[in-house]
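In the two assemblies presented below, subunit A is common to both, partnered first by subunit B and then by subunit C.
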Partner chain A sequence: MNYVALKMLFGDRAKYLMLLCGLTFAVMLIVQQGSIFWGLMIWSQSSVSNLNVPIWVTDPGIAQVDEVKPIAATAVDRVRSVPGVEWAVPLYKGLLRARLSNGDYHQITLTGLESSTLIGRPAEVLEGRFEDVLQPDAVVLDQWAVERMGGPDVIKIGTVFELNDKLARVVAIAKTQKSFTNIPVVYTTYERAIRYVPRERRTLSYVLAKAKDGVPVAEVTKRIHEQTGLGAFTAEDFGWKTIGWVLKNTGIGINFGTTILLGFIVGMAIAGQTFYLFTVENLRQFGALKAMGASTWTLARMILLQAFTVGLTGYGVGIGLATVFGFFTARSGGLPFIETWQLLLLVLVALLAICTFSALISIIKLARLEPAIVFR
Partner chain B sequence: MMDHPTEEQTQPAAVRLRGIVKSFGTGDTKVTVLRGIDLDIYLGEMLLLVGESGGGKTTLLSAIAGILEIDAGNIDVLGVPLSDLPAGKRTTFRGKTMGFIYQQFNLLPALTAAENVAVPLLIQHIGRREALHRARTMLERVGLGDRAEFLPKNLSGGQQQRVAIARALVNEPRLLICDEPTAALDGPNGQKIMELLREVGRAPDRCVVIVTHDSRIFHFGDRMANLTDGRIERIESITREGRA
Partner chain C sequence: MIILKRFSVWIALAGVSFAGWVLMGANKIEPMPTPVSEPPRSPYEQTVAASGIIESVNENVRIAPPVAGLITKMFVAVGDQVKEQAPLFQLDDRELRAQLLTRDAAIPPLQAQIDEQKYRIGDLDTQLRRLKSVHDERAVSEDDLKRTWYALEVAKRAQQRLEATLKQAIAQRDEVAILLDRLTVRAPREGTVLQVNVRAGEYATPGASEPLLLLGDTQRLQVRADVDEVNAPMVAPQASGVASLKSLAGTKIPLTFVRIEPYVVPKKSLTGDNSERVDTRVLQIIYRFDRPPFPVYAGQQVDVFIQRQPAGPAAPAPRPAAPRQQEPAP
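== the complex of A and B ==
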């Protein structure tokens, strides 16, 4: 009877297309909004992921990576003295204003890396050599800085600008994950970063560390926290802490959650209503099948097959459309779009719920159907 | 037409109805549609259920088919106490032993004529290829071999009813249930359908029950039961002269 069910489904082309459009729209909306939401969350913790180090040591009261609370300079040695720590280096991170030669000002995030190792440097360099940051007045920009500060005609290797009235010369352009605030990132050495910023009692933003081989990172972070009283997180935990802060302190979660929920409800409403109409319009036919010996279970299987067939088709088309959208938006870098298998799995579960709900309404109708209807 | 016993009545009844009562609604709105029906239908015969509208013809037909619960009485079909069977077993029994022809044909619009005819076989879990082969053979028998791949919308009313007849007979049922098979057709087409029903539907090991109010086809039956106000008023046998 599967064959009959599918022929019935595809035979009513208008209804089939309406169902398909409804489910495709729902899937596309959920995937698109979900991917953008996740992309924004990834952006929000890009300051952690861009530096790619396993352990972050912070002020114990820190809320998220971009809310820097300076710690004492002695923290580096205290962390180094914790058993299981292979190395620990200082990191400066702070906001500053850059003044270009054309008179434009731009706010930038200054990142100072330990000069002997350059630990925390971006993995990929688009132009120039990152090691040249060791040269006098040298800085490395990320590609978003180039874009935000006037484009490649204004900002290129050799461009000179001022940071707090001190000279900065671009020696390389690095590739990084865009940040949530999209503030240009300027990399330099830790020592030079301290010189760029106004004098403060505490200038150390974070201590970056690594556990010795064979020692669990979580164990080392626990030891650091217990022995130094500082905050110590694995990179993953610090990223999640930042994401959690964004969700709690901004309306992003509610906004995207509402849209995703709307997609789910609209999809369910369209699919449920259309499917119910489809069943009601074919009630006599279903009654005839029942009279001819088709059990309610057979009819239920037919309905479920129809629902899941159109549902999975809509799933494929919806994901395809959302992916094409994501491909173009992500390529231009204008919108965050990160489509994860977890999201796709979640959408599949949501879609199957929609299909089951839609089918169930029809099945209940059919279960109550008296085959005698065919004689009326 | 005259009332006398036919040859079939000397055999045991294929369908045996005793004291059938059926009401709809409750309280003041309760309407009793069948008021104690006793009736025997024999293999090899074509019985017409006739009478005024609202007389209970279709209700009785539904009860015989086991698709309507009755309030009281017993229905035996081919020796099986149908009224005592649970709904699931009744459905299975119906699928194996009964064929249905409806006033509005009730063909599935998305399926070709052959596929429509194959549906009862598919319900019985017969493979699609075998079912379609048998469906095409059946369509040949009703004169629609060349229309096997047509969709119902591309067939005339008469042709659609022929497809419905083929569908009703394809699983070789022993009880053929027909509800106003000519009501949606014009006179000549109605006559042709009844000729076809007598030719291919009537068989020594099958009984055919037809509900109709179309007096132009009365002469095709072997017997005619007249229902009035929920009771069988009279049963008449139809002579060869009457058919002629």
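== the complex of A and C ==
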């Protein structure tokens, strides 16, 4: 019977391809939009993930990573005094204007890392050595800064520019994840960052910390909050906090949510309709089977097999196409496209729901089918 | 299997495996790059962390001249080790030296006069004795005897006067000598010359804002640790601690407790700016340490970890907002 079902499915090549195309594009649309949406979300918290440290400590009222609220400089020592903290280092983060020698102005994010450990530096450097940031007036740019500030002809190793009227010299270019706002990131040491920025009473933006091995990170963040009164977040929580802020305060969530929902509805409509038509056109065959004594249950199984076969094939082709698209467009990091297994699983469930739904409509039709239809 | 004869199924399989391969590769979380040097870690289970600065045990001495004057010679250079009372620099002393010459010259004439007076006394003494030895009243009159006696006594008094004058002259010479000695400025205590801000030929005035010389003790250093006032109750006197230089966090320098400064001072964030900005207030704790095998310098910043007493006061957690008790409704 299964053979007959598949033979029916594959037998009409044009119908099969139409069905496959409908499902493929529905899957591709959802996966692609979902991945771009997730990519944007990951970009929005790239300030957290680029630094790649386990614990962030700052003012408890912080809304998201780029909204800096400076704290007292002794916070580093207070965090170090909390049991279970293995180390804690200061971080400066703030917006500043850079002036290039050709007169261009660019807003940049100045990131000051603790000078002796350079904790929070990017793992990969495209040009130069990150350690050279310890030289006088040295700064490290990320690759997006090069792109934004005029390309590799204007910004290269050795380029000199002004930060708040003070000299900055590029010694390396680091590879980082692009950020949502795409403001160039300039890395330097904490001490020099404070020298660059205009006078403020408090300059420490964040304390970066790590829990001792064997102590749960969540426990340490709780202790830090209880003992110092500061807000302590794991990198993951802080990333989610930032994503939550972006979803709440921008239209991205609604935009992409609508697109994904539309993809789902369109996919469901196409698949349901095509599959229903497919069943209707094969009513005679089904009627013959029924006349030969096949039960409705057997026919239902055949329909479901057909639906799932074409559905899974469409799923495979769809995610394959979406992945190829993402692989080639986002490989350079210039487009937000991040596929996750959760998304693929979700799409699979949605697709199976579409298939089951359209199969059900057909099954209802079949259940009511009179075998006599063959003779009409 | 009929299913395997379809090209689309193979495409689908390829798609799934490609997506799987991309996912495997893409969503790996890279481990944090290892720090350039080890971050400072506490050796204690319970600790109070502080930031410290290395300084000399005794405060630095700002050497000033006793009087305004021209500097004629510098005896030391920056970095010299000096003993107590070692000469540091010489002020122009020609005027006093000239005075010393005249004062010196005033002494020999007085001594000569005293010697002269001694002979005069001897002469009179001999005369008086001779006159006294003659018992014939006709040969020696009472008057002569008396006269000679008076002359002798006057001569003796004159010698006393001359001796006093000599003493005065010597004192005057010594005064000039002392004043002269004062123009050689000496080290008030053993130490190292940290700064030299004058050169020979410059004019030194007392009370200048910049010290002429800065003398400090770099042999014995101490650590001044700043503890945030919030953490101040956690620090017990006599608590042991360790310090580590920035970029040498792996090497711990054991510290010995000296004292807690009784006054909580505003912390300065050392930015190198012209005016330092006050951030918060800190409790300062002084620690002594033995020189480690690697060089340390006064003025260097260190990370300090102080052992927290297990039985010490509990962590000053912000009091959780207790639910306010419902007042009974009237």
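As a convention for this text, the second predicted complex is superposed on the first by the 373 of 376 C-alpha atoms of A that agree within 3 Å, B and C clash if a C-alpha of one lies under 4 Å from a C-alpha of the other, contacts with A are read in each partner's own complex, and residues count from 1 in each chain.
Just so we're on the same page, a residue touches a chain if its C-beta (ideal position, glycine included) is under 8 Å from a C-beta of that chain, and two chains touch if they have at least 3 such contacts.
A quick note: this is a predicted structure, and the numbers were derived from the prediction, not measured.
Student: Considering only the touch criterion stated at the top, classify A:Arg284 as touching first (subunit B), second (subunit C), both, or neither.
Tutor: A:Arg284: touches subunit B, not subunit C.
Student: Residues of subunit A touched: more by subunit B or subunit C?
Tutor: Answer, by number of touched residues of subunit A: C.
Student: Once chain A of both complexes is superposed, is A:Gln135 in touch with subunit B (first), subunit C (second), both, or neither?
Tutor: neither
Student: Contact-wise, after the overlay, does A:Asp12 reach subunit B, subunit C, both or neither (first, second, both, neither)?
Tutor: A:Asp12 contacts subunit B only, not subunit C.
Student: One more residue to check, A:Thr181. First (subunit B), second (subunit C), both or neither?
Tutor: After superposition on chain A, A:Thr181 lies in contact with neither partner.
Student: Thinking of the overlay built on chain A, is A:Thr250 touched by subunit B (first), by subunit C (second), by both, or by neither?
Tutor: Neither subunit B nor subunit C is touched by A:Thr250.
Student: Would you check which partner chain A:Gln342 touches, where first means subunit B only, second means subunit C only, and both and neither mean what they say?
Tutor: Neither subunit B nor subunit C is touched by A:Gln342.
Student: Should A:Ser295 be classified as contacting the first partner (subunit B), the second (subunit C), both, or neither?
Tutor: A:Ser295: touches subunit B, not subunit C.
Student: Under the stated touch criterion, which partner chain does A:Arg201 make contact with: subunit B (first), subunit C (second), both, or neither?
Tutor: After superposition on chain A, A:Arg201 lies in contact with subunit C alone.
Student: Contacts for A:Gln107 in the overlay, against subunit B (first) and subunit C (second): which applies, first, second, both or neither?
Tutor: Touch status of A:Gln107: no partner.
Student: Using the superposition described at the top, list the residues of subunit A that contact subunit B and also contact subunit C.
Tutor: In subunit A, residues 3, 7, 10 are touched by subunit B and also by subunit C.
Student: Show me the residue ranges of subunit A that touch subunit B in the complex, using the header's touch definition.
Tutor: Residues of subunit A touching subunit B: 1, 3-4, 7-8, 10-12, 284-285, 287-295, 298, 370-372, 374-376.
Student: For the complex, which residues does subunit C have touching subunit A?
Tutor: Touching subunit A: residues 2-3, 5-6, 8-9, 11-16, 18-19, 22-23, 26-27, 30-33, 35-42, 45-51, 226-228, 230-231, 234, 246-247, 249, 267, 269, 271-273, 277-280, 282, 303, 305, 308, 315-318 of subunit C.
Student: Under the touch definition given earlier, write down the residues of subunit B that touch subunit A in their complex.
Tutor: 58, 61-62, 65, 67-68, 88, 91-92, 94-96, 98, 100, 102-104, 106, 108-111, 115, 119-120, 122-124, 128, 179, 211
Student: In their shared complex, at which residues does subunit A touch subunit C?
Tutor: 3, 6-7, 10, 16-17, 20, 52-54, 72-81, 83, 85-89, 114-119, 121-123, 131, 191, 194-195, 199, 201-203, 226-229, 309, 312-324, 326-327, 338-341, 344
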